[in-house]
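I've put the structures underneath this note.
Okay, so subunit A shows up in both of these, paired with subunit B first and subunit C after.
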Partner chain A sequence: MNRHEVIIIGGGVTGCSIAYHLAARGMKDVAVLERAYLTSGATGRCGAGFRHQWGTKTNCLLAKHAIARLERLAEELDYPGGVEIKQGGYLILAYTPKMEEQFKKNLALQRSLGIDARWVTPREAREIVPFLNTEGLLGATFCAKDGHANPFKVTDAYARAARRLGVKIHTYTEVQDIKIEGSLKTVITSRGTFQAPVVVNAAGGHAAEIGRMVGVDLPVVPERHQILVTEPVEQVLGPMVMSFYHNLYCQQTPHGSFIMGLGDPNEPKEYNVRSSWQFLSQMAQKVVWLLPVLKNVRVVRQWAGVYDMSPDRQPVLGEVPEVPGFYVAAGFSGHGFMIAPMTGQLMAEIILGLPTTLPVDMFSLSRFTTGELFVEPSVV
Partner chain B sequence: MEDKTIVCRCEDVTLEEIRQAIAGGARTLDEIKRLKRCGMGPCQGRTCRPLIAGELSRITGQDQASLTLPTFRPPVIPLKLGTLARGGAKNEQA
Partner chain C sequence: MRIEQHPVLEFRRGKKIKFTFDGKEYVGYEGETIAAALHAAGIRVMRESPVLHRPRGLFCAIGNCSSCLMTVNGEPNVRICVEKLRPGMVVESQKGKGVVYAAGN
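== the complex of A and B ==
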């Protein structure tokens, strides 16, 4: 029997960040349980981007704080070699008057919060991305501080820092059931039994399954998203190019490879991480239209991962009132990686009963019963 | 083999870096791949996978045959986006 103060289920960037932030605040008797290797779920399969350009105040502030942390994460966590930060901006394309109207609203909000994002004309967009096909383009929004970080390294940096502070990380340890007796939770895994008064569900696409183990109905469903990566070439694309019209994104990493993905509105809500040839074909057709120069770049690999989708595309952060000591950090809906530094900090503050750095009430699970959803308009 | 021997020639990963990853706690090919990029290049690990498996087995004492291989992902050989878009470039709304 392994007895701890806190057990975190899920060794993605969120779980490792929570573990680190708890330990850094003095709660060092923490165990992280991960069913495979660290980042084996959504973290290691994500598009690896971060952006300030959101459509709600909450997300803008979360992103702003989180990106400020990412920018100096290597120093904060003493991680030699860094986490491969690139800040080439995000160029978000507008093709319809409705998009332009929404984006300009978003910009006004962002600018009111001190985020340096701006509207660019198609001509200015071509100055930022010279080979962009601007046919039909009304304009775009651009924030130069948006960018890329390596999810494997960010997670490894948190995991190493957490371990140095005493956190135990158990990989290849799959949670099979949770029993509750009084305030004590017993977590039964493929590699033994763990006990703690506090359990944190950071299981991403598996969060609803973990919730069911304690009788909690989490409205978080897995939804497959597919990605491909190309061979590395010299740096030619500064920003992440994102189009909600085509439902795609494409960014060149500091390594030189292009990572690109496509959202499929008809994707079934199920746990599926298989990749399809249809994706390869559709992705190629769309990206070659938008960024024609990429036709000569070779695809080396494709894969898939799941978003942990919540009804309003916002995470659930906090304690489940019906099960004291059971906390949730899931439902990130495709933007968990970029806000992970703040998720970890806020969750640690919530668990330790400290005042939170940012307001967190809107992330409560109860919003799905009271109907106080706050839908984020800007998600691919 | 020496420390400076390049094990993954697609991503220029040396034996020393593989040994560092194992010394840092990596116990599987999946973990080493994600920290060091070996196996992520154009050959997708065809060259480095058995070399790294041998080194991992030698250092950790795990039976090489018991090591889990990273997922083999499509496409089998690198293909140009232009070739994959053989139906033509498309300005298609999602």
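== the complex of A and C ==
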């Protein structure tokens, strides 16, 4: 029997960040349980971007604080070699008057929160990306401080820092059931039994399954998203180019490879991480239309992962009122990686009963019963 | 150097054609790979390694290893061990990861 103060289920960037932030605040008797290897879920399959350009105040603030932490993460966590930060901006393209209107609303919100994002004309967009196909483009929004970080390194940096502080990380340890007696939770895994008064569900696409083990109905569903990566070439693309119209994004990593993904509005809500030839074909056609220089760049591999989608595309953060000591950090809906530094900090503050750095009430699970949703409009 | 006679294999060479490598004109046979033509012309260094910039020669010769990537007719990262030679090809040795877009294009 392994007895701890806190058990975190999920060894993605969120779980590792929560573990680190708890330990850094003195709660060092923490175990992280991961069914496969660290980053094996959504973290290691994500598009590796971070942006300030969101459509709700909470996401803008989360992103702003999180990105400030990412920029200095290597120093904060003493991680030599860094986490491959590249701040070439995000260029978010508008093709319809409705999009332009929404984006300009977003910009007003972002600027009111001190985020330096701006509207650019198609001509200015071509100054940022000279080979951008501007056919049909009405304009775009651009924030120069948006960019790329390596999700494997960010997670590794948090995991190593957490271990140094005494956190135990158990990989290939799959949670099979959770039993509750009084305040004590017994977590039965493929590698033995763990006990703690506090359990944190950071299981991403598996969060609803974990919730069911304690009788909690989490409205978080897995949704497959596919990605591909090309061979590396010399740097030519500064920003992440994102089009909600084409439902795609594409960026060039510091290594030189292009990483790109496509959302499919008809994707069934199920756990599926297989990749498809249809994606390869559609992705190639759409991205070559938008960024013609990619036509001769070779694809190295493609893969898929799941977003943990919530009804309003916002995370669920906090304790489940019916199950004291059971906390949820899930439902990130495709932007869990970039806000993970703040997720970890806020969750640690919530669990330890400290004042939270940012308001967190709106992330509570109860919003789905009271109907107080706050839909994030800007998700691919 | 070319093997002219072989106890088992029979060579059916195409017609002689001209191409350039790093600005200099060479002759090869149509239908052979670019790598074969360069090798026959005595060129052994195909590429430099991406980090330490050391010379790399022909290695796998079947399109797997990335040891022979060159820029061919302006297209970077062409695996010349599997790319067939065509008349007038402009073959250039490649420094770095390959340039897909240069300002002014």
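A few remarks follow.
Here is the rule we use: the second predicted complex is superposed on the first by the 380 of 380 C-alpha atoms of A that agree within 3 Å, B and C clash if a C-alpha of one lies under 4 Å from a C-alpha of the other, contacts with A are read in each partner's own complex, and residues count from 1 in each chain.
Keep this in mind: a residue touches a chain if its C-beta (ideal position, glycine included) is under 8 Å from a C-beta of that chain, and two chains touch if they have at least 3 such contacts.
Given the structure is predicted, the values throughout are model-derived calculations rather than measurements.
Superposition of the two complexes onto subunit A shows subunit B and subunit C fitting side by side, with no clash.
Contacts of A:296 after superposition: both subunit B and subunit C are touched. Once the two complexes are laid over each other on the shared chain, residue contacts for A:104 go to neither subunit B nor subunit C. Touch criterion met: A:233 reaches subunit C, while subunit B stays clear of it. Set against each other, subunit B and subunit C touch different numbers of residues in subunit A, with B touching more. Here the apex is the CA centre of subunit A, and the angle it makes with the centres of subunit B and subunit C after alignment on chain A is 30°, in steps of 10. Of the two partner chains placed by superposition, only subunit C is touched by A:131; subunit B is not. Once chain A of one complex is fitted onto chain A of the other, the partner contacts of A:65 are absent, as it touches neither subunit B nor subunit C.
When both complexes are overlaid on chain A, the residue A:39 reaches subunit B alone and has no touch with subunit C. Look at A:263: by the touch rule set out above, it reaches subunit B but stays clear of subunit C. When both complexes are overlaid on chain A, the residue A:275 reaches subunit B alone and has no touch with subunit C. Between subunit B and subunit C the least C-alpha distance in the superposed model amounts to 5 Å. With the contact threshold set out at the top, residues 231, 294, 296-298 of subunit A are in contact with subunit B in one structure and with subunit C in the other.
Subunit A meets subunit C in the complex at residues 130-131, 231-234, 236, 256, 293-294, 296-298. Touching subunit A in their complex are the following residues of subunit B: 24, 28, 30-31, 34-35, 37, 40-42, 44, 71, 73-75, 78-94.
By the touch criterion given at the top, residues 36-40, 44, 135-136, 152-153, 156, 160, 229-231, 245-248, 255, 262-265, 275, 277, 280-290, 292, 294-303 of subunit A touch subunit B in their complex. Put simply, subunit C touches subunit A in their complex at residues 75-77, 96-101, 103, 105.
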